[in-house]
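Got a structure here, written out as structure tokens. Questions coming.
By written order: A, B, C and D. Residues from 1 in each chain.
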Amino acid sequence: MKRIGMLTSGGDCQALNAAMRGVVKALVNAAEEVEIYGFLEGYKGLIYGNYRMLTGADFSGILTKGGTILGSSRTPFKTIQEPDENGLNKVEEMKHNYYKLNLNCLVILGGNGTHKTANLLREEGLNVVTLPKTIDNDLWGTDMTFGFQSAVNIATDCIDCIHTTAASHGRVFIVEVMGHKVGWLTLNAGIAGGADIILIPEIPYDIDKIVEAIDRRSKRGSKFTILAVAEGAISKQDAKLSKKEYKEKMKNYKYPSVSYELAEQIKEKTGQDVRVTVPGHTQRGGSPCPYDRVFASRLGSEAGNLILKGEYGFMVGIKNREIIKVPLEDVAGKLKMVSPDASIVQEAKMLGISFGD
Amino acid sequence: MKRIGMLTSGGDCQALNAAMRGVVKALVNAAEEVEIYGFLEGYKGLIYGNYRMLTGADFSGILTKGGTILGSSRTPFKTIQEPDENGLNKVEEMKHNYYKLNLNCLVILGGNGTHKTANLLREEGLNVVTLPKTIDNDLWGTDMTFGFQSAVNIATDCIDCIHTTAASHGRVFIVEVMGHKVGWLTLNAGIAGGADIILIPEIPYDIDKIVEAIDRRSKRGSKFTILAVAEGAISKQDAKLSKKEYKEKMKNYKYPSVSYELAEQIKEKTGQDVRVTVPGHTQRGGSPCPYDRVFASRLGSEAGNLILKGEYGFMVGIKNREIIKVPLEDVAGKLKMVSPDASIVQEAKMLGISFGD
Amino acid sequence: MKRIGMLTSGGDCQALNAAMRGVVKALVNAAEEVEIYGFLEGYKGLIYGNYRMLTGADFSGILTKGGTILGSSRTPFKTIQEPDENGLNKVEEMKHNYYKLNLNCLVILGGNGTHKTANLLREEGLNVVTLPKTIDNDLWGTDMTFGFQSAVNIATDCIDCIHTTAASHGRVFIVEVMGHKVGWLTLNAGIAGGADIILIPEIPYDIDKIVEAIDRRSKRGSKFTILAVAEGAISKQDAKLSKKEYKEKMKNYKYPSVSYELAEQIKEKTGQDVRVTVPGHTQRGGSPCPYDRVFASRLGSEAGNLILKGEYGFMVGIKNREIIKVPLEDVAGKLKMVSPDASIVQEAKMLGISFGD
Amino acid sequence: MKRIGMLTSGGDCQALNAAMRGVVKALVNAAEEVEIYGFLEGYKGLIYGNYRMLTGADFSGILTKGGTILGSSRTPFKTIQEPDENGLNKVEEMKHNYYKLNLNCLVILGGNGTHKTANLLREEGLNVVTLPKTIDNDLWGTDMTFGFQSAVNIATDCIDCIHTTAASHGRVFIVEVMGHKVGWLTLNAGIAGGADIILIPEIPYDIDKIVEAIDRRSKRGSKFTILAVAEGAISKQDAKLSKKEYKEKMKNYKYPSVSYELAEQIKEKTGQDVRVTVPGHTQRGGSPCPYDRVFASRLGSEAGNLILKGEYGFMVGIKNREIIKVPLEDVAGKLKMVSPDASIVQEAKMLGISFGD
């Protein structure tokens, strides 16, 4: 008999349910007796002992369902170690609930922040298996995270829609794509959507290079230019600022996001009308795409397998198309960024896409 | 032999190409010799004699293509009667080009503003047939405009995506839907997306009623509330302002749009986290949905039929599922709004949807 | 306090859940105390007293869900009046269960066959309200049925996909569309998908006219021809057969369906390669499109309203964009067919589409 | 100055246009003077000197367009070496046209058969670069082929649609998925669509194991079972037949495809109603998914790069997420099959999916 706690933490994304279904199916099909404790709203549920027992029926029909049946919340790593408003030690409460329920292990689905806390729990002696969930694809140790490809699809749809309008009206359009501090999502959606300019955090931009690229298109007779801009895109000047200087600058930042600043600069320098579109949270919603469903199911199934074998302390990821296990201590706190020298970037440049550098 | 001028004016939308294809197919299949002069970028093309000859091949494969192969531009009615920067009288130039090319008629695809100018050209003696293009569905004299249903689909997709995130995170989400000064798009996307609160220009809202609706949901155990807010939504107080007072107020308006003001108010009054999503121009892009393709093809085909019969001065529309012709002078300058007493509004209220009134 | 029985009968389709949700929301929001008895698998559930109590929670989140949460089954009208294998009188059993549960009324969602039985139950004294569910759109008394537009979308997607292949390979492609004995679905998907030839039951075809249309396209340089063929399409010769003669013919029919017979004939007469695609049951599956969600929600809401007012014996339908009630005795047993003279058919012909007549 | 011939051969698929656009963009952006000769309808165009000159404009806007702007045809390898009906030596004609046009190289997009011919042309001394196009993903030497993921999406959509109907009606449903002689497409669509049973050519099935799996589901209370069946699925008995015996058997095969035979057997052995759906050619149609657009663009761009460097005789593929070049002689004639021991198969089994083995 296995007693498994499960929780989803951080921003939600597609295929969370598919992944959990995979874990549970693998355990149940191994004819293990298994009890699933679903902690509600991420680590909060574990801290405050807020859970519900889940049965096979809870996992039926959720392969295609977006969001998470457990709910989620953001519990930043740095606040995890601080006491809550009533003075409770959160880490101790999580350990307390883990032992009180006599759990064999915790299955934790989340992104970067989530993995830091998961690793902390491992260090504190809990058995933990994690699954790499994020539309940002920024988790170290795995080629891919689930949610990413579904988010690429939505962001690309958005660029596709803008494309027809842009072609009809002849303007500059900026589509601001999510991705937190990394450029994977923007890079892929930008190439897929046929963006002319792609700006990502890893390759700081020079506004003059952007203007040049737009002018080059105008001269060639193209009436419109589409920019796919990562929410974390940054100019060369800003990239040179110290963390403190940057914070200072952002205090008085008058734009809702970098795209609006860019829009103003481009308008000023080219005289062209610029429109900004921000698909925002839609990028993490809706039904997971088939790629993510297969991928999350495979991950979940292998996570179940690890639990059956009693191997804990790993994130289940993918490397060269094979599902792998990665020690949690290797994952926690590391970002997987786009290298400016990555072949996909060079290929995009060969296609004529400008990165503003 | 018929010589037909054609142009698309105003914001682009889905099925413009499908409609033009319909007109041309109907003319060509009637074995009429026909020459199509496609004026580029809306009325501008007619004013400055900027056109290209179109053949059957130009209309092949465009049934499913978004945007407009002719390009478009916004030429507000009030500027049409003013001379351009070189002192040219725009109306005279349009007449001049019409007669110079010896056209039998103009086929004009556009929305409200476009129809005012089209009617002016009719009054000036030109033969005009128009087609009702707008995602706003605000054209008087027709039950439906093409582009509308495709835009409903995109806005609904957006609400669907937000739904999974909202359900996972438990917040208030606002999706701002296009529609200019009318609520058709928001009303339909809101019902289709399962929004809890729908705000449209025709039913000014009371912020306290909105807060009540959110609180009622919280009390019933619903962790999230989704608002579909028309870009033209207006509060009861603002609706009472004179046009001048309102303009004065908007001068110092600090929000990018009404949704952001609402978000702030809701946050303040409920303490809940509020997120705003603005799908924006994506709502007018992408491939037309099958409904719009059929509808635009029918309209185009009947417009071709009118031209074959030499009946001019009409907008081709739909009434009770039959394609009809409506005198241009009846259409121009009139808005079709959502009546607060419309049965669809009452039905939405029976479903438990609040309109904040 | 209202006690409502509910069942879905016949082939399933999109928006059944949306419609039921509408009914229940309208009743619950009217602050009526209401008990919902969901009979499982159509009339079978009512006959054998197989039901489960439904609460608001059962209707949460099902607006976008395909299929029916109650299950369905086909119970042909002619078998309803026959005793079952154990000698039970089915009609009496249904009445028995209705009275035993002390129901105020039955809400029945279904198509043509379903409505005959519903009307029989009305004649037997039960309170009945029905909702027009079918992808065929063949119900008399309503402009539209829910499921139809969603099925049009799927069939059109299918033609769209075939279009790219057809254009690449230069063959004749047949897409067989559902619709039972009427042509609505094929007609709309055919126009939306840009089919060159549309064959529907209401307009019997002449194979030679089809071959002519294909040859005409070849001569004009078109390398491919796409036919949208209704599953009920029929040749002029077959249409002249008596019911008995036709039955006799079909006994030895060697093709899986009419499309395969057509394919063989076209291949023989034109020498061209012909491919058949049969999307089949996919046309009734998947999430309802926004149009159907709005429409089904409106119908459900007005059905709830009728129940609140105690008005029974009606199908809730739509006429000229307004929701209406139609006496069940007027609906039962009548088909709504495509008139060969309908303006939409004439418009399709003006577009150059051949109906093989 | 480079003179490049280009052709697409075999069954069409998604992202052919995206890949060609990639090649041309890479060449043009390298500021090379380049002439593109697009041979029409595959090798036929090269044999008969049927081509058209392509400019940048031909590649504008085709990133998202399905099919191939060059047309395609199937020219089986074994017929390539036979003279045509007029006695022409096809290989010599291709060489003749290559040299007559003074080409620097041929870019050939195709699947297995195409690669055999491409390799032959290489052996004959022509400069050849190929791109791996097929929805079957069966090309040796590359982890992935373009078209595959788009086809997975369509097949999965189909299973999704069937899922709602199956759940409503409680039957056995078979969805027959393409893939030629390999199971990649069925395996992925089956997992993504939540199929209960997946049958692929690489794992011959035992009908009794299938029946067992269906019965096991029935006993657990599941009212339906969905099978994803590869068009090349084969029973254990048939797999044991010699090639000659199998051919003999298929001569008198009375079913349109294996799914219909299975349907009859399952019906006979379980008594349950079985429905077959064959999405067929739709799986190779429609707009490429974002994954395929990015992948094909990357491949095209690297193919352009090889041409610029004058490196010929390679297929451009992907290995461990990096674009690679594979000698054509290593690729030609080899199939990449699903290993029954592959981890993805084991993971699917852990999820409870039966492979009928």
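Keep in mind that, in the parts below, a contact is a pair of C-beta atoms (placed from the backbone, for glycine too) under 8 Å apart; a residue touches a chain by one contact, two chains touch by 3 or more.
In this text the structure is predicted, and so the values were computed from the model without any measurement.
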item: Given subunit A and subunit D, the chains that contact each of them; value: none
item: Most distant chain from subunit B by Cα centroid; value: D
item: Whole-Å gap between the CA centroids of subunit C and subunit D; value: 35
item: Centroid spacing, where centroids are CA-atom means, of subunit B and subunit C in whole angstrom; value: 31
item: Cα-centroid distance, subunit B relative to subunit D, in whole angstrom; value: 42
item: Set of subunit D residues in contact with two or more other chains; value: 160, 167
item: Interchain contacts, given as pairs of chains that touch; value: A-B, A-D, B-C, C-D
item: Complex interface listing, subunit B residues touching subunit A; value: 8, 11-12, 14, 16, 41, 65-68, 71-73, 154, 157-158, 160-165, 167-170, 173, 223, 256, 275-286
item: Sites on subunit C touched by subunit B in the complex; value: 22, 25-26, 28-30, 61, 63-64, 143, 149, 152-153, 156, 160, 167, 188-189, 191-194, 289-291, 293-294, 297-298, 300-302, 304-305, 320-323, 343-344, 347-348, 350-352
